[in-house]
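Heads up, the next two complexes both have subunit A, just with different partners, subunit B and then subunit C.
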Partner chain A sequence: MAGELASSTASPRITRGSSRRVAALRLLRRRLIQAVPLMLGVVVINFVLIQLAPGSFLELMTAENQVSDPATIALLRKTYGLDDPVWLQLLKYIWALMRFDFGFSYRQNIPVIDAISVHLPATLLLMISSITLALAVGIAAGVVASMKVRTVWDTLVSVVAMFFFAAPGFWLGIMLIVLFSVKLGWLPVGGMATIGGASSGFAAVLDILHHLLLPTLALGLFYAAVYTRVMRSSMLEVAQLDFVRTARAKGLSRNRVTISHVLRNALLPVVTILGVQMGTVLAGSVVIESVFSWPGVGSLLFDSVSSRNYPVVLGIMVLGSLMVIAANIAVDLVYMWLDPRIEIR
Partner chain B sequence: MALPLEVHGLSTTLFTRRGEMKAVDGLSLSVGAGETVALVGESGCGKSLSALSIMRLLPDPPARIVGGEIRLNGRDIVPLPEEGMLAIRGKEIGMIFQDPMSSLNPVATVEKQIVEVLLAHTDLGRWQARARAHELLELVGMPDAARRLDEYPHRLSGGMCQRVVIAMAIACSPSVLIADEPTTALDVTVQAQVLALLKKLQADAGMAMVFITHDLGVVAETADRVVVMYAGRKVEEATVDDLFEMPLHPYTAGLIGATPVPGAARAERLADIPGMVPPLNALPQGCAFAPRCPRVMERCRQERPELTRPSQGRLVACFAAERG
Partner chain C sequence: MQRLELPRFEFIGRFARNRGALIGALLILVVALMALLGPLFFPVDPLRIVGQPELWPGEDPDFPLGTDSLGRDMLSMIVHGARATLLIGLFASAVATVIGVGVGATAGYFGGWIDEIAMRAAELFQTIPNLIFVLTIVVILGSTLTNIVIAIGVVSWTPIARMTRAEFLSLRDREFVQACRAMGMGDLKIIVTEILPNALPPVIVLSSLVVAGAILFESAVSFLGLGDPNVASWGRLVGDGRLLIRSSWYICAIPGVAIMITVLCLNLIGDGLNDALNPKLRDR
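Take a look at the complex of A and B:
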């Protein structure tokens, strides 16, 4: 209401492009402000959850190194601040986070942020390639199924989508390895690069893509199946709307109407669930990374949990949440760009 | 010279699981240049399906034209393939729909939606098409037309949306304009403006107009002739003056009786038509209106009355009317 009033009385007139840009910036500012208490909640909950887990890294560390001297253990407890009450440890952690200090990884003897940033690019690469695959395949298959609705093609797409929707990612990963790596020998079993292979240049990029293919399929096909189903039903729903008939009454062909009127409207639900699923893609990559020994944050998380390296676990949780929040803000902006009706309320 | 629109014996059937339903059964009507023919009846009597049949935009399945011809400027378009219809829709026939707010694509600008029809049927370039879209918006009386080109439909009122839809419908100067309840979803004050606009555009361009409505007040204001439909069939046709002066079919009389008259005493109750339109798959054997008809005779339940011509320019399908 207020926006409408402003745009009709404002002088000089605001053009459409700039008013939408202003609206996008306002959305961005609002979401960033909302992200602060959200992040605080994430930190507190994860910190407390880890406190609840049995055992500490210290027990593991002293046991592994056969340290039994109480004085040494007491010194270690003091060094790592474990004698402080939990609430003080939490406050110290939050205070450190504000200076972008994620703590120290006992295991690797480096700051947590360094440990994570070594592994982060691999995970981001896997996530981005999986989501890209899922969107491209899902949207295309959904559109085809909706245009050929109730035909053999539609059934075929639905059956295949159902299969990948139901197949667990780790099982799919193993099956892909069995088929393409073991039986056919076309693709590597795991890892991100050939040991002793090219380390730079085009050959290295090709090598990484070669390794990326199977994990991307294992992680992305589930989401491709989800988007296929959502896109199909969304296309069919939009095709029933009045404006589609108006467009046909203009003399546009069925295909033309589908591409230029139905598609963009039908994308909206896909974008919505994309935002919601960002977190599960990250979680799914943990599993897929272990299946394919992909050197990403997932493998780091897995190792860190096994070795009770809690600062790293906590750091990954916090950074992961940050990524999910950032991705959701990006999705909101895309949604706003796609649907001009979205305005800040 | 051939009339812009001549429909002969048009039959459209809905093929559903519960059986075949004759939604439009042997409809004939003709509309001359500059003439407005109103198609009147209750919901579900086949008005909109008649319009969609003429546009060849029936939802198929379940609806299909099973007989009759639709002559557009003398050419029967029923046998035309879909590709042939693409060149006709929007160019020779324009159509305006009931709910203007939902008739426009919410994620495309007004300009894009008008330009689209121009690019489909004319040789105009993009910029010429934009200029023409601006002209069209001014022609349909859009306030602040230049700015509206860049707006999205949700920023416009219902009346403004309907002006955009009208601009798209008349963009290529069609010879026939079909308006399917174009004012039903609008405020009363806006209704009057839109009706006046349609009359003016029609008079200027000499378009033949098929005006579908259930509002007899609108009929009195806009139509030259009226075709009354009941359960898929034409039951009466007359000039607008004759029809209001002396309705021959009891259904028409019922419709007129059910229309509120301004100034009439409040105590005077509106005469409603008892009962409902029968479902199309369970039509009575005789006249479809017989179960609700105040003048029903035994014969009406046995056989179906055919259209007869009681006087010049009038048609009615009723045994009671034949006897006078």
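Take a look at the complex of A and C:
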């Protein structure tokens, strides 16, 4: 294992532990500093998109609320700073976002940030359960395929993974509904809870899990396929390294070596991919939520897109990017924990 | 110009030995022919009502894949949809390749602060959740075919840029490039005529995978009802059939299978090309 390798050369355990904590904090600080220009970039892209939009927010809002009084429109122009020069508008926009002021959702009549935070837990739940499923299935299938390499099992795993890798998530979701909800009647068609069902306690949790299963499969199986492929090739690669041969020469059984030596090191590429794909998982949940009427950010985005509720759409894009940045920092820390040899720049 | 690639016949031979890639290539050929020649066999507008609504596949020999809720021929819609779906995938991939190669080549060739800025930009575009970005662009700029293609290209260029940059980094100090510099050749000419041809093979592999990704993107956008209303792509057909899953789920299933097979074949081709280009990596 990597830890064992390192411990033979590094200083005693106690100092190593504390120095690792220092290194982790240093990494965290550097990542946070790097995140600032990234976030600024996202905001600028957002701003450019607003400027590119045919017709201003104001025209849309006034049309939406059927305002035609010129005095009111002039007042709104002043309120929204539309008469300011573009650079000042940008600065004001950045300043507003820094205070988590994402504007106002004129449809729901609440601040955008409130509209999003109401829907966020459902999306996080779906994302976490899908990633968990994908990791569990992907790692297990990848390990099996690599241990039985070039056998029927290997081929079977690869073929199944190829199919899930190519199937559109929304279509897979619909097919799952057809099979498990319409034909078999085992699972609900959509939503997050049974209407009029238990609202608290164990029964409510069970009810949510019942509703969670199909969306989790629809979103997670694609990533399970990705992780299977990555895990398989990574296992095969690590198995050829010198320390694995040493472990075998020590007299450890093949399974023991695979589980405790190869597996841990082979996980690193999976962690990398997980970080890179955090944004696509979030984006994928938009479509899956729309298929299953899952009351998350995706459903909100879909409603906002259909009603051209720009402030909410842009707010979701900014917050989504923020989430991706945060997730990537977390992944870097996990990476460091998995492999102490790695110095992340 | 010096070329560093392998002999062509050897390349084709390696590709053809990969059974999956061969099957993928043949099936894609079928889909492409369908897209090209489809209108000859199905000259009637696919959106015209031609029969009874909701005929199951095989129920009426005139409509082998059945009819949809309005009585339109499913087979004809699939054939015509192939054209839309493939074209959108190809054009979006072309947009991504042009941006990616442009950014990657500049970054890799010049290095320094240009490289730094280019890679930060790539990171930025990877940070924004891709489909959310596409939907935002499409909803703000309008659901036209051009906007959808550009939007998908804008979210798909980063891997191509990274790959191109890596190739340029490894090639820019080779002797043949130094020779060109010594001869006084301009930077642009060196990039375009000397390095680029040698850097392209792995980039082309990646582009074929981007086509697959673009098809999935487009199908999701159309499925959500934000596609170009004048284009009946496969994703839109799935979306149209969505409300009928209780009575006629085949309306959803068939176009989805078409998407899946096409994407699967493109992935197989990409894998095959990859193996043929890097024989050392074949077992991975």
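Here, the second predicted complex is superposed on the first by the 292 of 345 C-alpha atoms of A that agree within 3 Å, B and C clash if a C-alpha of one lies under 4 Å from a C-alpha of the other, contacts with A are read in each partner's own complex, and residues count from 1 in each chain.
One rule holds in what follows: a contact is a pair of C-beta atoms (placed from the backbone, for glycine too) under 8 Å apart; a residue touches a chain by one contact, two chains touch by 3 or more.
No experiment lies behind these values; they were computed from the predicted model shown.
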So in the superposed three-chain picture, is A:T123 touching just subunit B, just subunit C, both, or none of them (first/second/both/neither)? neither
Would you sort A:S146 into first (subunit B), second (subunit C), both or neither based on which partner it touches? neither
A:T246 in the overlay: touching subunit B, subunit C, both, or neither? Say first, second, both or neither. first
Touching A:L38, do we find subunit B (first), subunit C (second), both, or neither? second
Have a look at where A:T228 lands relative to subunit B and subunit C in the superposition and call it first, second, both or neither. neither
Look at the residues of subunit A and decide whether subunit B or subunit C touches more of them. C
Does subunit B (first) or subunit C (second) touch A:G284, or do both, or does neither? second
Does any part of subunit A touch subunit B in one structure and subunit C in the other, and if so which residues? none
Which residues of subunit B touch subunit A once you look at their complex with the stated criterion? 55, 57, 82-83, 85-91, 94-95, 97, 99, 102-109, 116-117, 120-121, 147, 150-152, 154-155, 165, 168-169
So in the complex, the part of subunit C that touches subunit A is made up of which residues? 120-121, 123-124, 126-133, 135-137, 139-142, 212, 216, 219-220, 223-226, 235, 238, 242, 245-246, 249, 252-253, 256, 259-261, 263-264, 267-268, 283-284
For subunit A, which residues are in contact with subunit B within the complex? 4, 13, 15-16, 241-243, 245-254, 260-261, 264-265, 338-341
Taking the complex as given, what residues does subunit A use to touch subunit C? 37-38, 41-42, 45, 49-50, 52-54, 162-163, 165-172, 174-175, 177-178, 182, 233, 236-237, 276, 279-280, 282-284, 286-287, 290-291, 301-302, 305-306, 308, 310, 313-314, 316-317, 320-321, 324-325, 328
